[in-house]
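Two complexes are shown next, each including chain A; its partner changes from chain B in the first to chain C in the second.
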Partner chain A sequence: MSIDVADIHYAYGSAPALRGIDLSIESGELLALLGPSGCGKTTLLRIVAGLEFPQRGRVAFNGRDVTDVSARQRHVGFVFQHYALFNHLSVFENVAFGLRVRRWRLRPKRDELQRKVRDLLDLVQLGDFAHRLPAQLSGGQRQRVALARALAVEPEILLLDEPFGALDARVRGDLRRWLRGLHDRIHVTSVFVTHDQEEAFELADRIAVMNQGRIEQLADPQTLYTQPASPFVCRFLGEVNELPVALHARWSGHDEADVTAFVRPHDLDFVPAAAGGARIESVRDLGPTVRIEARHPALSAPLVAIHERGRFGGSGLAAGQAVAIEARRWVLFRGEQAVTEA
Partner chain B sequence: MRPRWRRQALPGFGLTFGVCASYLFLIVLIPLAALALKSATLGPAEFWNAVASPRALASYRVTFGCAALAGLVNLVLGPLLAFVLVRYRFPGRKLVDALVDLPFALPTAVAGITLTKLYAPNEPLGAWLASLGWKVAYTPSGITVALIFVSLPFLVRSVQPVLEQLDPDIEEAAATLGAGRLTTLWRVVLPALWPAILAGFALAFARAIGEYGSVIFIAGNMPMVSEIAPLLITGKLDQHDYAGATAIAVVLLVTSFVALIAINLLQLWTVRRRSADTR
Partner chain C sequence: MSAHLPRKSSVALRDPRWLRWSLLAIALAFVALFLVLPLLAVFGYAFEKGLDVWRAAVVDEEARAAIRLTLLVAAIAVPLNTVFGVAAAWLVTRYSFRGKGLLVSLIDLPFAVSPVIAGLIYVLLFGKQGWLGPWLADHDVKIIFAVPGIVLATTFVTFPFVARELIPLMQAQGGDEERAAITLGASGWSMFWRVTLPKIGWGLLYGVILCNARAIGEFGAVSVVSGHIRGLTNTMPLHIEVLYNEYQRTAAFAVASLLALFALLTLVLKQIVGWRMRRIAATEPDA
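On to the complex of A and B.
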């Protein structure tokens, strides 16, 4: 089922949370809403679910306007950051809840309900935990119960609000790879909210990067990384060096000096040179990579390069050394505007 | 052999436990034991006569019946009031919240006189109700009204904090799963509140059994009809029948105690049942 969101405005009291959101999500897609806290991503998700109602704008499922339809009637699955399980009910009853509260005529028969819930519990690999209470499960298991519960009503849209936010790093990684596999099997249109760019990149088909109530850029991970639309997107997607550069006329037609080059740490090289200008401050071994920080007298922030272990081995870089800076790839911005080669 | 205490990280157990135990002994256990001893000065037959006289039996019916009825009324009204106070924002909410404690703060005699004044047959409200065929003052109805008044705070105050702590996400989750508002309240919110409601009911019931000051004014105190057991005790004391008074007191004590244990077991059972609730 496709989702169309048009011109959504939302304010908490006088504080605007969303300022004109347009977004089209294709049927079967897995889309991430990525942004810092307070950017409005959760509010947008809740508006799609029908848990909040926008002051302006429309929400449509498959072209059908659902803006004024309540969450109860929208038929979307919603997974909460803190699971929101019914603590007084067993895992089985949690998953069965959506089926048991159906109107009498639509309610599945006893055997069918049993079978459906069992299948779902097997799907989330919790078949042996049917009789447990939520309190007896780990965080990762609880979130899988929440997912099975949301899927029990066979929604055509699945919304997940920071689904891995409350889990520790290892469980988070396992669970998101598992979720990606699940999505590849059941193809339910899914939107998830996250502030973790790594998570968005690993899971999503497309990513909407949000900032201050607006979508800064909507693209697939590769485009987002190689052609960020704004300095904000570039900074948010990971550590980046910002170097003031002077553009030669062959780039934009005329010489200019107010341009910044954004260079990722792994695209930056330090080369030993007596008159390089920069000096290495620290070298930290991070295991698979080595992090090198250098300071240039003209820059306030230190420059960061990250080298793979193998490459670093032969470079002979050490703290105190004078080096020259070389960038292998970069993105240019003039103010907020991306600069492309003329 | 000296018992070996397990070492605890928190110091001061011996001292605090000692103080608590002595205090409990002096304030609770010794008086209760004295009560039992005094009543034991009666022979079995005398004891039976004192506690099972028609007048005493009628007073138990009034006391326990009205207390249970008041508890049941508050079982519905208390959580409802708590729900309104926690969930809705309206002008005067803080005032209503403070008013809930009024029955705690008010001297019970004041409450009794006020209620009597309100419901007496020669007052407007009392007269109107009497014209509808419902005499409130000087009947068990009046006693029940007084007991509802004094025991309401117990249910509100025991449910309120639990409701405040309840994660609003679970109600939203129920809504996205297709549950209507009433279904959500019944299947999601209420089960979470049950232990608190039962605890509040137990306190309200216990308080209502012992209530004296607010009841005697409105009760009319007609033997066999609207005479509560505590009043019967006072009456026997006035006639210097100390043993007879303590005998009835023992009945009240044992019944209250059994009722509290039963409610606690029920509470335990509602919590336990959750682990076995899978078909």
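On to the complex of A and C.
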């Protein structure tokens, strides 16, 4: 089921949370809403679910306007950040909840309900935990119960609010690969909220990067990384060096200053040079990579290069050494505007 | 290391021994003098002329009428305030609206106002010379000096107990489980019975027990609106006062001992429920 969001405005009292969101999500897609805390991504998710109602704008599922439809009628699976499991009910009853509260005509028969819940518990690999209470489960297990509970009502849209936020790093990695596999099997249109760019990149087909109530860029991970639409997107997707540069006419048609080149640490090189402007400040061995920081008198922030261990071996850089700076790839911005080659 | 740490810090925080002992002594003396001694006195006087006199005072026609009325009033006021309390707590914790602070303060009003004044308000409203008095008289409705007035006054005085107990509890719990239930297709009604009520159950029971204790023991407000008609509008506390004023000390204390027994029962129930609540809070998942 496709989702169309048009011109959504939302404010908590006088504090605007969303300022004009337009977003189209294709059927079967797995989309990430990525942004720093307070950017409005959770509010947008809740508006899609019908848990909040926008002051302006429309929400449509498969072209059908659902803006004024309640969460109960929208038929959307929602997984809450802190799971929101029913603590007084067993794992089995949590998953069965959505089936039991149906009107009796639509309620599955006893055997059918048993079979359905069992199948779902097997799907999330919790078949042996049916009679446990949520309090007796680990964080990752609770998250999977929450997922099975949301899937029990066979929603055509699945919304997940920071689904891995409360888990430790190892479990998080396992669970998100598992979730990607699950999505590839059941193809339910899914939207998840995260502030972790690595998570968004690993899971999502497309990513909407949000900032201060707006979508800064909507693209697939590769495009997002190689052609960021704004300095914000560039900075948010990981560490980046910002170098003020002067452009020659062959770039933009005429010479100009006030342009910044954004260079990722792995695209930056330090080359030993007698009269180089920068000086190596520290060399840190991080295991698979080596992190080199250098200072240039004209820049306030240190320059960072991260090299693979093998490549670093030969270059023989040490603290105090004078070096020249070489960039292999960069993105240019003039203020908020991207600068492209003329 | 970590096992030793708390001990060390408690040593550092420990007061001198003489101070601890004297504080303990003062507290115990206070409890003995103001709580235990009167309680013992109630039972002492109640049984001073033997079990038969006690039984005669309790099964007396007017005493039985007072007991019946007290139970009837509690049976009406407590369910009313349970419904009001849950509704008010729901409103305050689940919605934001203008004047919410005022509503929370108003819920506490019966705690702040003297019960006598509460009773007087109802006399001024519904009494013969009151605002609505003539209209009520025309329609042959009797509120003051009758059972409805006693129920009204008791309901007013015991209004805050359930709401006060539930508001902090529901605030701490948040509403995500309810939202989850709604997205799963539950109606408001089935969400309340299947999710909210089990969540707040013990807290609600705690509030109901306190509300009930106060409803049965209320004297001031009820005294103003009841008119002290024997066998008709005397509740147990009022009946005790009447007996005492008529120098029937043993009979007064016999009925009082029933109230005291009920108070002790309330304390035990309250302890059990409080213990259950703490145990549930302890096993609740942290996230």
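The rule we apply is simple: the second predicted complex is superposed on the first by the 342 of 342 C-alpha atoms of A that agree within 3 Å, B and C clash if a C-alpha of one lies under 4 Å from a C-alpha of the other, contacts with A are read in each partner's own complex, and residues count from 1 in each chain.
One rule holds in what follows: contacts are C-beta pairs under 8 Å (C-beta built on N, C-alpha and C of every residue); 3 or more make two chains touch, one makes a residue touch a chain.
For clarity, every value in this text was computed on a predicted model and none was experimentally measured.
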Do chain B and chain C fit side by side on chain A in the superposed arrangement, or is it a clash? clash
May I ask you to decide whether A:166 touches chain B, chain C, both, or neither, giving the answer as first, second, both or neither? second
If we overlay the two complexes on their shared chain A, which of chain B and chain C does A:131 touch? Say first, second, both or neither. first
Which superposed partner A:77 touches (first chain B, second chain C, both, neither): both
Going by the contact rule set out at the top, does A:139 touch chain B (first), chain C (second), both, or neither? second
Name the contact category of A:102: first (chain B only), second (chain C only), both, or neither. both
Could you look at A:183 and tell me whether it touches chain B, chain C, both or neither (first, second, both, neither)? neither
First (chain B), second (chain C), both or neither: which does A:195 touch? neither
Counting only touches as set out at the top, which of chain B and chain C does A:90 meet: first, second, both, neither? first
Using the superposition described at the top, list the residues of chain A that contact chain B and also contact chain C. 49-51, 70-72, 74-78, 80, 82, 84-88, 97-98, 101-102, 149-150, 152-153
Contacting residues of chain C [partner chain A, same complex]: 176-177, 179-187, 190, 194-195, 198-199, 283-285, 287
Okay, in this complex, where on chain B does chain A touch? 167, 169-170, 172-180, 183, 187-188, 191-192, 274-275, 277-278
Touch list for chain A against partner chain C, complex: 49-51, 70-72, 74-78, 80, 82-88, 97-98, 101-102, 134-135, 137, 139, 142, 149-150, 152-153, 166
Contact residues on chain A for chain B in the complex? 49-51, 70-72, 74-78, 80, 82, 84-90, 92-93, 97-98, 101-102, 130-131, 133, 146, 149-150, 152-153
